[in-house]
C-alpha cells in the first residue's frame, strides 16, 4: 500500500488508511509494522547511529514490541517527533504509540486523551553547573542564567522551583540538546537543567566532564513511559504487558541468554506462565503464546536494556537508582503474570 | 434581412447556463463558490469532529490560564504567574521589536551598501558584490545560527569580567558590557521620578511622557519662531537669526526637566552570575537582529542599486552641468527620484523581514512563534487555536504593512501629465 | 585668401598616454585612488579584507582531514601546532558528507537520487533553454513519474500505471469531446483518470508486480534526509505549484467577482503568514482537517503546504507577466474569435510564462533556501542532519565545519541558479525590444 502513496497523492486520492481508534493491534498486524514515535535524538534513549539506524533505550522497547507481535524486532518504523507534534501524531494515528521520553502528567493523561500505560524510566529534573562557580546547591542559583529545552515540562518545573524559593533567574530557551550543550559549554548559561538522565549523558559528552558537577537537588518527578491513544484498551494492554514482561524477566532472572532454555518449561509457574509454556496469557492479549520469549530474546530483560543503552558502562553512565528493581530498593515492579 | 436580426423571445433552456455567454460566468462562479464552500465545510467539519473526539473543542479560554513559564527578553512586565494571553503579548511585542530593529539596520546597510556598490572604487564595489552574493545565496536560518554561535563563542562570559585582572573589560567608560549572553547598555534613571501610569495592559512612564511633552512644546515654539522670522523676512527683507533661539527653545526646557527629575545614567554592573542593571539585549535577540539585517540588507542593496541605475543618466549630467557636486547630486537629484522605485521594494523587504523574524524559535528568542506557537502550544495542547491565532496575528501585521505600502505608493505616484 | 600659416595643416602624431594613466598603475589610479576619500576607502577595505582572510585562511587550510573524532583532531592539532589555537576538523565532513548529501539512503542506493537529479536537470532543460527540440518535453512529462519512483522506490509498475492514468484520461477526453463537446469531454477525462487512479491502478499494480516483479528497494520517507530532501521538496513544490499558480494568477486577473476575490484572498493569506506557521499546519494540524483514520506521510504533508506557499508567490510573478503583456495581444485574440481558454493557451500564457521565468527561478531559489525551515519541525534537512552529527559523541562540539560545508553547497546551487536567471533576463530583454 505504502509504495503507491505518492502516485495516489498526485490525484489527491493519496490517502493511506491509517489506524482507526478502535483496533490499533489489528491495523498493525495488517500493516506488518509498528509505527513507534521516538525523539529526534537523545543520546542513549533514541538516536541515529553513524549508519543512520535508531539505537537506544526507548528504541529497544519498540523492538521488543516488534518481536512480540511479529517475531521480528525490525518490524518497527521509527518516527521522529518533536515535543510539539508528538501528541498530535499519536491522536491522528500517525504513530501507534509514543516511546518518547514523555512525562506522565495528569493533564496529558486526562486532557490530551492519551493513555499512559507504564513507566519505563523514573526520572527527575536536575541541574548541572561548572565546578568553577563554586555552587553546591540549587538554592544558590539566585540570578543565574539557565539553559532549558523548550516545550518540555522542565520549563514549568524550573519556573516553579525558582518561584517557590523566592529566587530570580534568566531563562535561555534552547531548541534541543545539541544546541543547549554547545551554549552551556561556551558559558552562555551558568546552569543547564533537564531530566537527570539526559543530564548525565550531556555531562559525559562535554569536552571536560570533570569540570562540571550535577547538583544534588532533583526538583521534580518525571516518570517517563509509553503512551497510546485513549480508548484502545486492547492495544494498551499489549504495550503494558510487553513492558511488564521485560521487568518481570529481570525479577525472575530470565535473560536473553537463557530465555530459550527456560521457555521449554521450569519449576517456576510464574516464569512458565509468562513465557507461555503454561496457561494462555499470550492468546488473551491477541498474541502468540511465546510473545514474551521473543521480546526477551530480541532485546533482553529490563536490566539488560538499561545496561546496554544507558548503564554505567556506556558513555551515558547512569546508575540504576530509582530504576532498580523494587527488590533492590528501586521502583521498577511488574504486576504478576497470572 | 432585418427581421432576422430581431432576437425572438427565447425560452430559457438549462444548457444555456453553459453555452450562453450571458449566463456562463454566473454559472462558473456559482459552481466554484459551491465547490470551495463545500471543501471549506468539509475541512471545518472534520476538524470539529476530530477535536470533539479528542475532547478539545475549539475554545480560547486557555489564554486566561496561568502561563507558568518565564521569558527573559520582555518589553512589558511579565512573570510566570501571568496568563498565557500576556505571554503572547510579550511575544508579539518582541516580534515587533526585532522586526523594527531589523528594518532600521537593514535599511542603513542596504542604502550604504547600494551606494558603495555603484562607487567608482573598484575594491569597494567588488566587496559589496561579494557581500550580496555570499549572504543572499545561503539560507537565512544558517546565518542566524552562525550569528548566534559567533556571539556565544567569541564574546566573553560574564565571569571573565570578574577578578583583579579580568580577561574582559567593559567598553565606553565602563558603561557597556558585551558578553556572550547579550549586551548590557546603560539605562536612563530618574532619582525624583514621577512614577508610572498603569493603563491596564502595561505601565507607561510619566517621566517619558513629560519629556515628550516638553520636547513637543519646544519644537512647537521653535516652529512658531521660524514662522515669525519668515513673516519679518517677507515684510522687511531682513531675516532675524533663528538658529540659536530655536536650539535654546528646544534644548533648554528638556535639560531643565531632566535636572528636575534627577536624570542620571544607570550603568550595568556585575552582580552574582550576571550583569545587573542597564538595558539587556539578550544574545538570541542580537543574533536574530544581525542575521535578519545582514540577509535582508543584501536585497535592499540590490533594490537601491537598481533604483539608482534606473534614474536617467541625463539627470546626473544636468546636475553636474549646473555645477552641483557629485555627493549632493546623489542626495538631492538621484536618490529622491530613485526612491519611487526603491520604496515599494523596500517595504516588501520589510514585510519579508517581519515574517522571517519567526525563525526566532530556532535560537530561543521568545517572539510570537516561540511563545504562542511554542511553549503555550506545548503546555496547553491547544494546537488548533494556537496556530490559527498565530497565523491570524501575522496576517494582520502583514496586511497593515502592505496597507501602509499601498497608501504610500498612491501618495508618491508620479502624476503623469 | 589670407595666409593661414598659423593654422596647422597636418595632424600631430598621437602621443603615448602618460605612464600614470595606463597599465596597472593607471588602472589603480582611476579605480582605487582617484581622490582622497577614495584612497581612504580603499585602504580601509583592504585592511578589512586582509584581517578577515588572516583569521580564516589558517583555520581552513590548517585543518585536518584524517581523523575519526573531534578529540583525535585536537590531538593532531596539539602535536602539529603545539598551541591551543583551533583549526578546522574537516575529518567530520570526510566521515559524514554522504549523510549530509544523501541522507539515510544505503550507500549502494546513492545512484538513485543522483540519477533522479540528472533527470530533473534534463526535464527542466527544454523550459530553461528554448533552443532544444520540443520533443524533450516528453522527458519532462516522464520525469514527473520517474523521479518519485527513483526516490521512494517500490515496483516499477506504479509509475507506469500512474502514467497510463494520464493517457487514459487524455484518451477519454479526446473521444468524448468529439462526441459530446469539449467541456463534458474534459470532465469525463478527469473522471476517467481519477477512476483509474483510485479504483483500478492499485489492483493492476499489485497484479502486474506479482507476475513481473521489477522493483527498487522501497525507501521510507522517514529516511529521506539531507540535500536529497531539500532538493526533492524544492522540485516537487515548484513543479506542483506551477499549474496551481497559473490558475490562481488567471483567477486574480479574472472579471468574475467571486473567482477573483477567492484567488486574491488565498494568495494574500498565504503570502501574509510566515512559512514556519504553514509548516506547523502541515505537521500538527493537517491531520485534524482530514477524516478520522486518514493520514498522509509527514514529508508529503510538508510538500503540500510548501507547494501552496510557493504557488501563492509564483501566482504573483505570473500575474506580473500577464500584466506586462500589451493589451493588443488580448484584443487580437478576441478579434480572431478565440475562446478564453484558447486565447490563454495559444497567445497569452506562452508569452506571459516566458517573461515570468526569471521570477519563477528566483522563487525556486527562495523555496530551496526555505527548505531549511523543515529542520524546525523535526525533519532531517541538511541542518537537521548537522544536528544529528553534532549529537554523536565523536563529533560533539563541531559547529563551523558543518555549517561551512552546508552553506557552501547551498551557495553553489543558489548562486548558479541566480546567475542563470540573470542571463535569462538579459536574453529576454533583448528579445523584446
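The letters A, B and C name the chains in turn, as written, and every chain counts its residues from 1.
In this text, a residue touches a chain if its C-beta (ideal position, glycine included) is under 8 Å from a C-beta of that chain, and two chains touch if they have at least 3 such contacts.
From a predicted model like this one, the values you see are computed outputs, not experimental measurements.
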Chains in simultaneous contact with subunit A and subunit C: B
Which of B-C and A-B has more C-beta pairs touching across its chains: B-C
Chain centre separation (subunit A, subunit C; CA means) in Å: 39
Separation of mean Cα positions, subunit C and subunit B [Å, integer]: 28
Inter-chain centre distance, subunit A versus subunit B - centres from mean C-alpha coordinates, in Å: 43
For subunit A, residues that touch 2 or more chains besides their own: 21, 84, 88, 91-92, 175, 179, 182
Residues of subunit C touching at least two other chains: 280, 284-285, 287-288, 290, 292, 376, 399
Multi-partner residues of subunit B (at least 2 other chains): 50, 53, 149, 153, 361-362, 383
Contact set on subunit A toward subunit C in their complex: 2-11, 13-21, 40-41, 43, 47-50, 52, 77-82, 84-85, 88-89, 91-94, 175-179, 181-182, 185, 204-205, 207, 315
Residue ranges of subunit A in contact with subunit B within the complex: 21, 83-84, 87-88, 91-92, 107-108, 111-113, 132-133, 141-145, 150-152, 155-156, 158-160, 162-163, 169-175, 179, 182-183, 186-190
Contact set on subunit C toward subunit A in their complex: 95-96, 99, 103-104, 145, 148, 152-155, 158-159, 161-162, 165, 193-194, 197-198, 201-202, 205, 218, 220, 222-223, 280, 283-285, 287-288, 290, 292-298, 300, 376-378, 380, 384, 387-388, 390-394, 396-397, 399
Contacting residues of subunit C [partner subunit B, same complex]: 30-32, 34, 38, 41-42, 45-46, 49, 183, 255-259, 262, 268-269, 271-277, 280-281, 284-285, 287-292, 365, 369-370, 372-373, 375-376, 383, 399-400, 403, 406-407, 410-411, 414-415, 418
Contact footprint of subunit A on subunit B as seen in their complex: 50, 53-56, 68-72, 80-81, 149, 152-153, 157, 159, 180-181, 271-274, 276, 282-284, 361-364, 366, 370, 374-375, 377-379, 381, 383
